[in-house]
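Please go over the structures that come below.
Both complexes shown next keep chain A, but they swap its partner, so chain B is in the first and chain C is in the second.
After this line comes the complex of A and B, so read on.
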């Protein structure tokens, strides 16, 4: 009998059962590395990963790069001597805004806020969406019908408008922006995972698990979910960017606290100076938003291409 | 002897005796057809429509039929993957229990004696799918396994072979840790694979190897009965032979019972002791394989056999070959009487001709009178009033039908002419049941028991 593919070879001594357990996990990791390599073959994805890494480093090292403002590091320190200073002025590499807030400081600490915003929103909505979508798809019938009609209602309202309405009701603060976005974003995940689960439920390997007599929970955990999450991962990656984009839009129209080092709020603050030629505040903050959203979109698209079920599992 | 969990736990094969692993009585699977915004049920696809079948222990029952005849659905029902919408499926009946079941099956529970009631509830709790106790359900689940047509699709692409094959053992807490690994290696060796395959993903195997993996999984719990749903139809011929030989070998070693579903007559001849031929959701014929092949007792079997290309050349007399006409009818509205009659080359007037069959026949034989029919009022599948364009056309149609020499002409019981109206009534025929015609052989063809047999009416050999 001939073997068909470039297999991970197992040396004879590793066939001893005691060593199988660790071998198995290393085979699984080898597979994951293989997928990662596949993802990183696309140069655009690599660019995205690099930008994201830089942002993460920036966020992690914010207190080292700049001296944290007391008592609230997420308010720019005011340099009243240098109001509306152009980039390059002593001590202000990217200039200052109309209240003497340092733009570079705002961008660095703003990356922390963006990360907080996108991670909180995406993780919480992933959990809620996966739960709702899974219940709907696994139970089916009336429960499915009811949950999906709720999802339909949410989807009928444009994301930005919906989030705006909720944030406006809750009152202007960064926490409320997070809350508003979480309320809006879970429906997409519920919809996606439901469709995927319904597809996977019809496969023969799920039938095979049922013939064996495994419990519904185990079938869900071992067969259904692992084979249904791929589109969810792609969507979540794209949303890491989208959330910041919409969050910035909300704080731009004034739903974040005044003076917050949030990129959207900074664009808004710098806007009044643009006509007077003070372009730097809005521009640099805007570029930060753009790069963030672009990077996650590049990686998300790369993931989609690499993990597409049609090309997967050759 | 019936199987108990204890016996299996000891790994002993269940005692073989003259008993059925599975017994089906009047099993139906109807899928509702929904229409419109309100999703009203307007009909049903009769995928399986009244099947009686016994699967004898330790034997292979072949189930053949063309695509869409319901053979896969039937296999899935038996394996518990699809619920039956009607009828009973019995598991593990010995001779006494089967006799009791047959005796009490048609008796309404109200009119049973107290003793019979106890027997019946015992049967229901221990042997009938859907009403078995949890414990018995476990026994059934362990003893009835399934091998899918597409091995690749039946293996979770994200699991290692070790986890796929070891899974049944985990579910029943048969083994864990090192013990599990050793058992999985044993199973793999049993199907011709080895320990080196343990830590691979399904996509790293060839088609034949994948089918071996899924066979290993099916055997993990040492089952008694395996449903094989076209296990080789997706494979190359050479690999096919390997898998078939493996299956035969395993059956001999482990005393397995197979339900072998296929559309390949060559394979089924090689594999099975008994053969059931299915057509449009019903069993057409059943009997020992060699006899069914040698002397078919249903025209459909004969057609299937004769259409099977043979490498041995012209040993069969081609001139006596039967051919079907037309295509398979819609399973939403299957023909009355014998399901094959509209296509059957040897049909008689008793086969269940309906008004719609008559139209089909008229359309080809006398298109002019067919065109002249302006309205049809059906009162049943067998009776209708035809309103013709004019009196002349009506008279033409009337004489046409009266003088018809086709089988449906013989089925006309009453035909009346009244101006432009022709009312016609055909012989009403019930669904033809599977009846024993020879020792061990059953057929649902009316002609099977008659001296002339199932030959074209005009010719005789």
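After this line comes the complex of A and C, so read on.
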């Protein structure tokens, strides 16, 4: 396949930058459509897309699939008559845990928590990271230097440990896990967007827009940012999965409230039963985490591959 | 010349970043409150507790406390580790050695597996073996290590009893000397086959779990460099002179594809140190990860500080090495063309 790569060599003298800008934008969209087609030609990516769709449906239809537990639907309903029931026991397709909590119910409502976790963390860190990275790259000089040293400091601490420490300080709750991950995850985006913006700033079309006397904000908004966001999309897709992986590790360690239908907490709850042969709670909850992370990693990997000029078109 | 200047600049920044890291983490941990509980015994009176706070200067403002901590660090005193019931400096070396040993074995798993899968994927690009190899490696990156470890323990520990948990059998390991702190190396040095077998049996399962997670990044790099080298002229030349395809791949394409992959292996080592946390918890491996987790959960601030300091230092040194390797490779490319 061929990529439309002529997008931004603006040497055609007579055209006004405004026109060029709208043309650049349509070329950009054409290229994006091309990339999407390329991505969907990869069978692994298609598998990922299918799994994500199923998870989204599951999260959306949770109240229809199971009867929501009152007052808190994110706590499994307790069936005290069926403790540690094996999968298949009437009413419990995937069995129950040591307090009679239904595993299937936990997995279905857990998908909502995973969605909430990943969306909140990824969107908020994208905004913070893009802001910090943009300010650094657009202003340059001392501000850039200072912000990048802050980024270095954050990057020097292992993500999981940093989040673990923050979550532990804030106290065990799911909301604090989200908060802790948001504090940790923005740094990568700041670094990526800064590098991209510095690259884009050196291109002819940005110079052209400057020459015409456009304001820095306009140049940033219309020329720089749209051409710099692609690597962020890849990273954000991968992080939709990574965030859930790390979040699950945190609640596995014991930083979510007890009995929550969060998959990592469920693995932890089922752990003690394993010695007695009750493998189902941990196994099924872990499979849910695995599938979630796998789906987003497959799609992210496919995207990265389609956008990578190194492997493109060979 | 440029590389050297860059290196000096980066090395000069290193202590500054470490200072920033320590300030952030110190302030964060002190927000949980005074760590006096680590030093106190249950039968202490409030007066005795106050005396204890004063003795460790926990009644001072946080910046003053930080200054004392920093002063202690400069004198080689990292405080008292409550979870280990010993001075931090006494145990940190042992913990580091345990984690390094685990990370090295896991790296071995990831490197061997990653290069093999990456080669297959690159040679058979967009064919079934490529998809299979990539799927397998992405599966590794998507598997929650704490869960995978648990899952492997059921058959191999519970049912078959092939692999024990922990790091060693104490009765065996008390009998040999430990010059390096890496048990596998120590047992080889002391020429003790029982100890060798024991140390290998203990490390296989956690190393496989950890290495599986780190494999994806190596497979990805190896694959894309293989795709690149396979279309080089020297590969065509090797084929043209009648070399069997196997040798063309092995001697020409793969050997050259290994160069960029080597830099990624450095990066994956950083990942291994981080991933070790969950693996150590599951397999009761007495390393840094297990140490810091129990410290975080029990408010043992001296241990947390020591951990963050040592891992961030390792992290940054790895990144620096990788950057230098890239710069070196780039220069070679320029010189070669």
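Going forward, the second predicted complex is superposed on the first by the 273 of 314 C-alpha atoms of A that agree within 3 Å, B and C clash if a C-alpha of one lies under 4 Å from a C-alpha of the other, contacts with A are read in each partner's own complex, and residues count from 1 in each chain.
The criterion applied here is as follows: a contact is a pair of C-beta atoms (placed from the backbone, for glycine too) under 8 Å apart; a residue touches a chain by one contact, two chains touch by 3 or more.
Because the structure is predicted, anything quoted here is derived from the model rather than measured.
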{"item": "Which superposed partner A:222 touches (first chain B, second chain C, both, neither)", "value": "first"}
{"item": "Touched partner set for A:211, first chain B, second chain C, both or neither", "value": "first"}
{"item": "First, second, both or neither for A:54, with chain B first and chain C second", "value": "neither"}
{"item": "Which of chain B and chain C A:27 touches, first, second, both or neither", "value": "first"}
{"item": "More chain A residues in contact - chain B or chain C", "value": "C"}
{"item": "Partner chain(s) touched by A:36 [first = chain B, second = chain C, both, neither]", "value": "neither"}
{"item": "Partner chain(s) touched by A:93 [first = chain B, second = chain C, both, neither]", "value": "neither"}
{"item": "Overlapping contact positions on chain A, where the chain C interface meets the chain B interface", "value": "314"}
{"item": "Residues on chain A engaged by chain B in the complex (per definition of touch)", "value": "1-2, 4-5, 7-8, 10, 15, 17-18, 20, 23-24, 27-28, 31, 203-205, 207-215, 218, 222-223, 226-227, 312-314"}
{"item": "In the complex with chain A, residue positions of chain B that touch it", "value": "76, 79-81, 138, 141-142, 144-146, 148, 150, 153-160, 162, 167-168, 171-172, 177-178, 181-182, 185, 192, 195-196, 198-201, 203-206, 208-209, 214, 217, 221"}
{"item": "Interface residues, chain C side, partner chain A - complex", "value": "13, 16-18, 20-21, 24-25, 28-29, 31-32, 125, 131, 134-135, 138-139, 141-148, 150-151, 153-154, 158, 216, 220, 224, 227-228, 231, 270, 273-274, 277-278, 281, 292-293, 296-297, 304, 307-308, 311-312, 315-316"}
{"item": "For the chain A and chain C complex, residues of the former touching the latter", "value": "43-44, 149-150, 152-153, 155-161, 164-166, 168-169, 241, 245, 248-249, 252-254, 264, 267, 271, 274-275, 279, 282-283, 285-286, 289-290, 293-294, 297-298, 301, 308, 310-311, 314"}
